């Protein structure tokens, strides 16, 4: 067996942080050697929250201290944007490879991190969306749109969602727009007998937003051609779905020697 | 084995008629004893169209003549409305039970046929839609709507369809309206960022019309409740799908002693 | 507005009990007037668990005491079988209508409760499965099987499920067996090139069990006829899905004057 | 507008050939300049079959003659393997680029054609399966399998299909095997209470074959990860679905300077 990758996690008490602590602890290819938090200096993680029982690594409030003590290979950064930028810079300075899920870094900060990572030939992954399934759904839809120009997106969410269409549906359509010329779909003389029946129009693609109690977060992209349809569907059942992406990013960042933004850019 | 039901078919050269001739000929519980047509008096059916090879029953242009010669139990009436009314009346007069797929009879004619059939205690089925699957989809949606008031209808058709939503989608919603009080669905403060995203609104239900090349005729009714969804879907792949309904109607009409309008009223 | 139905709940700290407490408290047609528990006599429910904050009804360890104090219309019984039988008998004796989700009552006990309820003309509902969506899926599948004899069941669960097929899939097939004669499906000379491809066989129906991480509990019943398919699907996303059934049962039991076993028997 | 690509079609009376004739004739970027057939030398295509009315190009029985007369850019070869090999060689000799759907060429023949095309820097595409949707489904499944190792394939066909699983399902699993290490899926102690419930096993993946009247040809590949599933589905509704692939191949072969085997290798 290979030597496990030594990981520190920043932001261990947040929603993503908690899941990341559990995932890294339970994966035999990883070793959780410390966590960085705003409080609880010197405590064991198992003393901080009983979700963490049996996880004995130490809490540090200073990331430099943490890095010097634990000699990690990788920083998983999941804290707030105000702290994240300095954490990532510090990690890079010590040749620790960052995997960053914190959103809210501005373009200037991102540019600076890119320069540091690329100049130092150090892997660094910043991903606003770690849900691999959703990223693949968008990627495949874009790829298929080169061959099937008639596309309908049906996104389905719980009925407490405020906005329609969902951000993912719009992003999917934008990615498709990059490869597909605008095209009016359907019969040229199509009549919408009830307004809205044909959904929202985006460069001729149609987007339909379904809202029902019971549903969680689902999206179907249908592409039609002569005599056939191709359908790509993602179902997100709960908030742990981004963990597959965090795991992949830790493994990948160790082989990288440059800055990468967006999970889609580390997927083959 | 039981004695087969003796059947005559009116309108054998039409689209539905051709399929009915083949279905009745190939079903061992039925015996095709004659057909009624506007032309081809005295010919064998096999001489009329080579789709009918090996089907040797005679063509009659006069329904009385046909009935007297063949002594049928059942008339399957699939010709034009102008001829159908007299055919059905004649059949009832001779105690031959009609199964009618012809659309276009007016209310006065329907009322008269109902009176004749009920007064004579003779079974008579008139069904504008013989597709059992579609009828069951609508019936189940209506039944389920008593328990799940949040409903979204997604109908999907080929991209040469002119109108949206489809007639079946509207009829489904109307049937649901009979048992469900109007209800605004979704978040009370829902924002449609792109017009049409939430589909057409019918008493608070939402209807979405998908159009793609490749598709044929499909409808999904989704009902949501706390922590669960129930989905009822009908896929129609080709125009022979109504044959299951014709077959059922022939079997059922033989046990009926009254007039029935609509396939849904002979389904349990 | 009508006077709310006064409800007491037995077993408020169990998994179903907690959800029932919240549902009854939040429904304006119901009034939670007391709970029956093994412990915590005299406490307010809000003192027992902080999930129950703001729910101020009292905890009773004796059901007679609870009934005399609170004058309820309905008992929702969700405790263990050892306690449930006496609770239900006591409720019936005081003309309080039971809605029972406790499983494990034996046939003798069920028979005795049926006699008491029917002799006294008191409504009583005992339901081993309160998930309306699942019950409707089974009911609709059975209804449709009269018209479509070719049936395939695909049940899909998380990959920690031990048994395949699921109990619901087997029960669905059993209900269909009541109305469908055994029939070998597929091509008569069908060849299974890889064993198991065609799934499990039950009177000629085929059952397929899909297991994947991510999935929760889902079942699709597909019925095929000439040129069409009818699909009925139930998705259970979490354990609160039975609450729709508890709510319906409380409303229904108030109008009943007899014993009913099984949610399917109160659905139209 | 660009000059249209001049196309000749070999095998115009076959099932694929007829569709190809119509597609090429109706596409403004293509010009059908001749067809090669075993019979009907010198006739107009419109005289051969009334499906071809208004298509006036000539029928040639000799491909050399056809090429010299019509100066085509591309040969679409859809005839029998016995004739196809010589046709393709002749086309390459005259610098006409072949798009070949004929199956049954042997490895020696394929190798020889590859050498001729590559040596001459002439584009040549040989594709046993022109259904782009099916090819993309397989490609995406393989790509996604790198990230989601738990995979179930559900293929669904009409009930007159003899073999289970389908060739496409097996090919999909083989492509996934190239990128996924064998893995036993499901609960380690899983119990199959009814044999076959868990489907066929291929390196730990499960394959389920559904057969129902009404269905045509459909396949769903489901991949599961923590809290999410990704589903890729292809529906083939009729036999014209390969035309999108033929069209793409004609466009692509004009830009190629080498031999390509398999549609997947011209898709990005």
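We just call them A, B, C and D in the order they show up, numbering each chain from 1.
The definition used in the following text is that a residue touches a chain if its C-beta (ideal position, glycine included) is under 8 Å from a C-beta of that chain, and two chains touch if they have at least 3 such contacts.
Worth saying up front: this structure is predicted, and the values here are computed from it rather than measured.
Peer 1: So, comparing C-alpha centroids, which chain is the farthest one from chain B?
Peer 2: Farthest by centroid: A.
Peer 1: Taking each chain's centre as the mean position of its Cα atoms, how many Å separate chain B from chain D?
Peer 2: That gives a centre separation of 38 Å.
Peer 1: Provide the C-alpha centroid distance between chain A and chain D, rounded to the nearest whole angstrom.
Peer 2: So the centroids are 36 Å from each other.
Peer 1: Rounded to a whole Å, what is the gap between the Cα centroids of chain C and chain D?
Peer 2: 50
Peer 1: Please output the residue numbers of chain B that touch at least 2 other chains, ranges allowed.
Peer 2: 214-215, 223, 225-229, 235, 237, 241
Peer 1: Edges wherever two chains touch, nodes for the chains themselves; is that graph a line, a ring, a star, complete, or other here?
Peer 2: Per interface graph, the chains form a complete graph.
Peer 1: Within the complex, which stretch of chain D touches chain A?
Peer 2: 131-134, 136-137, 140, 143-144, 146-148, 223, 225-241, 243-244, 248, 267-268
Peer 1: Would you pull the chain D residues touching chain B in the complex into a rising list?
Peer 2: Checking each residue of chain D against chain B gives 214-216, 235, 237, 241.
Peer 1: Could you please specify the touching residues of chain B with respect to chain A in the complex?
Peer 2: 150-152, 154, 156, 159-165, 170, 185-187, 189-202, 206-215, 222-229
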